[in-house]
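By letter and in written order, the chains are A, B and C; residue numbering begins at 1 in each of them.
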Amino acid sequence: MSPGEWLKSEFESRVDATLEWATPDNEVNYYIERAAAGAGIDADLYVGLTTEDLVRVDEALDDDLFAERGDVDGVADVREGLLFDPFDRAVPYDTGYVSLVYDGTETEAPATFEGLLDDEHAGQLIAQNPGASSTGRAFLLHTVHRFGDPDGTIEGGDGDPDYDYLDYWADLQENDVRVLGSWDDAYAAWSEGEAPMVVSYSTDQVFASQEGENLEEHQIRFLNDQAYANPEGMAVFADADEPDLARRFMSFVLEPEVQGEIAQRNVAFPATDTATLPEDYAELAQAPADPVTFTYDELQGSVDGWVEDWERQYAGN
Amino acid sequence: MGSDRDAGSDAPNDDPVAVELDGVTKRYGEADAVADVTLRVREGEFFTLVGPSGCGKTTTLRLIAGFEAPTAGAIRFGGADIAGVPPEDRDVGVVFQNYALFPHMTVGENVAYGLNFADPPEGVTRDERVAELLELVDLPDVADRDPRASRGAAPSASAMARALAPGPDVLLLDEPMSALDARLRERLRVQVRAIQSELGITTVYVTHDQEEALAISDRVAVLRDGVVEQVAPPRTVYREPATRFVAEFVGDNNVFAGRVVETAGPGGDETTVPATAIVAVDGGGSARRGGAESETLRVGLGGVSGAAGGNAVAVGDRLTFCVRPQHLVVGDATTNAMRATVESAEFLGETTRVTLDWKGRDLVVRTQDPPSGEVVVGFDPTDAHVVDASR
Amino acid sequence: MGGSKTGSDSTPGTEDGVSDDVDSGGPTAAVGQRLAALADRFDADLLTLLAVATSAVLVVAFYYPVATVLVEAVVVDGAVTLAVFAEILRDPFYVGELARLFAGESPVAVARALLSPDRRLGIVGFTAYQAALSTVASVALGLPAAYLLARFEFPGRRTLRSLTIVPFVLPSIMVAVGFVATFGDRGTLNAVLATVGLPPVDLLFTLEAVVIAHAFYNAPLVARVTTAAWESVDASAVETARSLGAGPTRAFYDVVAPQVYPAVLTGAALTFVFTFGTFPIVLALGGFELATVEVFVYRLVRDLSYAEAAALAVIELVISLAVLLAYLRYEARSSVQSRGVRPLPRRPLHPPALTAREVLPRVGLAVYAAVAALIFLAPIASMILASVTGGDGALTLEHYRFLAQRQRTGAAFQVRPWPAIRNSLVFATAATLVALPMGVVVAVLTTRKYRGRKLVDAAAMAPLAVSGIIVGLGLLRGLVFGVEVAGWRIAATGAAAIVVAHAVSGYPVVVRTVAPGLEGLDRSLVESARALGASRVRALRDVELPLVWPAVVAGAAFAFAISIGEFTATVVLATGADAYTMPVAIERFIGRRLGPATAMGVVLLVVTGVSFVVIERLGGEYRGL
């Protein structure tokens, strides 16, 4: 059963209410558009909010799209660093890490970003368009985090102020990295053996073992022992009809056993440190020693520029 | 009705007007295709629009059919203005130059098509009506045939049958014979006229062939550059062309122009309408040679009142007149003797058509035995027809 | 003479022109006649009515929604400005060397820069460049197919002709999967090359791969429209040329080519416009180095940078419309009279004699068949194979079992296969039935002569030329959110809105297939019918459409195909879970493993293939011609 289905039946079994999922294709932009058009939101709660989404929402709309989270049980249990909303609206419910997945029978992924520039890894990596794909964007942000941006607003972890993420990407492009459109494109090409490394999720082995695949072909590599964390959150719409019920749902989601179910069904990591998970879950779902992520404040006003500068450099026709 | 009328008569006709064009103008962009045309076609009449290509005759027909809307003026059917009435509601039958038979239907289906929108006469079935029409146009047993396979007169006749099947009030024919060879054309025009007479249907016929127009029509309208030059029965058009253009367009003709140097009436009095005028004719070569040469010709003025609006002709007037080839008599030096040189001769069977050079311009003569070299030709002043007189 | 038409005082609506299905004679005749007169009246105005309805549909479901987005290019923060355009046009990143022109440099210097080897095309220039290459490739691959389908007789020819459009409807992810499996390092092509001892080719993630994929989509379009035109060539015209002493080759150049050429150009123009607006396939098979304008429109919309996105989309639109306009000028000049009379006889595939004249074309077709098998069949076969391959590489039906299970147990908010199939078929059928009259009406209106008709024609083609992403956003704003009128919010979503949106996307192709044929018809055919009492619409139905019937069927097939393959508008308008279609289902079934999605893709393949065969059978081959 998909996580959505499970949550619906579980929540409805506990509360006298009906949960309706809607899956607009434009995701949170759909609600930004609704609000901008004055068309009414027609929903109580948004599930699947990222830091970047929040930045975008706040830049696009003068009025608040989301209300403050208020009283939600279990917020205190959320792991450190995951509460990504400085204005206390979004409540994280899980997180994922974007890392390298590689075919161990073909290559041995390098331990560091610099290693990807080695000749032996030429043409071996497939990434995704940061303008359209969330893994692609996470990987780009990770390189910004690692090498800094040209303005020096972000000081890279590499300690070299003269070498920024664009320099790194120039070298990566020189080494024949492939930047495809979506995660689907990239993962399909990787599966067909077009290249042995792909930017993907650190939970890849969970799927691989479910499907009885050779785990040797599904190795995870955290470059510099890091991975970019993409916490996902939920928030109550400011003009929700049932804000209390929505908050009740948020509390429900943070319950230890529900957190465990979500993590397993979503193949992700729980947002709380109290989640009930099987012992062996951590064996296949790997987490980096040093998760990195940009805060709301760091992303605000910068992220569009980072992506655009990268596009201009990479696709200079 | 049409068949028993004396086609040469000018007598006023009391038949009601079937189709009337009243000051109709059709403008395309800057140019008038049809300019202020006024015509009345009477019920049962075979009326022909004739003129060179581009004269507006087809446009006039299309205006009547409703395929074009006039820019100005009114068109009336039986007295009622039909502005805005679409072609399908005008009760007209149209036959196009290329027949426009529907290639995806048999000949029979083509003929029957109009019966989708109008019932056959009382007591007649559709199929009977189709057979009846095909019989009428002398095409029995072709109903199942592919129209593209028919040859000769058949397509034209099929198109006729199709146009007549719904029983239209007016039949419009747009050069339906121009694609046929001369012999077939002559045969077919006799047939068309016979059918028209039999049905008594008001018919407007468009052709560029003046001979055909004269042969087939009750009345003819000669058009030029969108303007009606003359409307009259064929005989009148031939004998008394209203304008120089008509004189030259309809049949062979010798047209002269010049200045009146002397007039003579029955009483010799210049205030009355003179009976003849002596005209100093511009030589055909005068334009080339600076007008040095001219010769005087005596011209009868019997038709002047008609042509020049009843104004008396006086000395100094410009006169345009024409003399038919058969009225130029070779060897006649009694009146209007002209010395000319034979240029060429075409043997036409009954007569020979001789082209002469007279002072650098052509004269056309019809004669039984063709002359050669230098000849003298003359004509009786009463055989001259004045088409224009102006001061 | 006797007839039922009486009197010359004929005004519309009198008992004249009683329609054929009314029995005038019995006591009910008066009522019948009145009804008939009413029907007649309605019939007479039907064309006007259809024209008005078509305009209304276009305004509501296209022009207004798109305008809500495009206006953001010139209205920024409530003020009208051209600054956004100016910025893009002066940016070498977008327009390459031309930016110097807009920045005020002399045209001569810019022309020189453009001719230099290290010139910069910019994103817009590159997009046009790859579209031009794709057009050439599509024509090169489409023409032999048209030749085969129009000139040869063989078992299964009609079915093959019907199936040619199938590639046109495949979602890009399916094509990407098929292409990687066919042209990838470990793909079919390299396996074949290895067995014959040739070195492998590295085709993937290059411009070549993108161009071939575009040809995969669009060569069928070229082939289909060209086949329709070729089948309409009148044999007697060729026979006349031959009887006048022209050899077969000369007769082809003088008679056949001029009649087929406009259709080829139709296909080429449409291909250019489609590939100019290409989006997912470029990044899937090429990579971001080959990013096209639409990639940036997508990203800018996603980042809510509407002004720049709209300005870029307007530039895209202007270029596409310019190409269409140039094509329309040509189409008007080259319309060929006389068509659809008696088609050329088809030849057998077996050469009747072993002469060079008979054998060479067939050898050529055999070579073409091998190329076509690689480009069209191999990717499709790979998709089918992927749908029956499990994670462990073994053959399995588990993906189909997934579909069956989802059908049985899927939750209300989940996409299930059968509703997707049913919706796709219902929407496509309805959209075709709406697009056909729309397309025919616009074709009729644009084949009349009046000032500015080319502009009307181009405006009618705009749905082909506007960025799909902008249309999607526009539909969201214009239809889903609706317009507030006097306190009421008028919105449209769900099945009806999807059908209308699909019809709007599909009808321009109907116009383009039907208009050249109508233009080529002798106008006296219609006028004859009208003089015989047929209304304009009746003449259209009885005379014009039967004569251009192959083009109408081709147009219908494309309208159907466009509806089946449509994604952007569907996903926007299918609010609620009950109006999704097969492409939406495929997208939703995409997961880490593509098995379920490819299985659904194969379902799409089969369903549309069967539909095309049915459409063309229903359409009939010549319908009495």
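Basically, a residue touches a chain if its C-beta (ideal position, glycine included) is under 8 Å from a C-beta of that chain, and two chains touch if they have at least 3 such contacts.
For clarity, every value in this text was computed on a predicted model and none was experimentally measured.
Contacts between chains trace an open chain of neighbours here, each touching only the next in line.
Greatest Cα centroid separation from subunit C: this falls to B.
Put simply, the chain closest to the centre of the protein, by Cα centroids, is C. Averaging C-alpha coordinates per chain places the centre of subunit A 38 Å away from that of subunit C.
One finds 90 Å separating the Cα centroids of subunit A and subunit B.
Here the CA centre of subunit B is 54 Å from the CA centre of subunit C.
Residue positions of subunit A with contacts to 2 or more other chains are absent.
The part of subunit C that touches subunit A in the complex is made up of residues 93, 96, 120-123, 125-126, 173, 176-177, 180-181, 184-187, 204-205, 280, 282-284, 287-291, 295-296, 298-299, 302-305, 390-392, 411, 413-414, 473, 476-477, 480-482, 484, 489, 491, 571-572, 575-576, 590, 592-594. Only residues 18, 65-67, 77-78, 80, 82, 85-94, 96-98, 100, 102-105, 113-122, 124, 148, 159, 162-170, 172, 199-201 of subunit B touch subunit C when the two sit together in their complex.
Interface of subunit C with subunit B (complex): residues 1-5, 7-12, 16-20, 24, 44, 236, 340-342, 522, 524-525, 527-536, 538, 542-543, 546-547, 623-625.
Only residues 2, 4-5, 8, 20-26, 29-30, 32-34, 37-39, 56, 59-60, 129, 131-132, 178-182, 184-185, 187-189, 192-194, 204, 207-208, 211-213, 304, 307, 311-312, 314-317 of subunit A touch subunit C when the two sit together in their complex.
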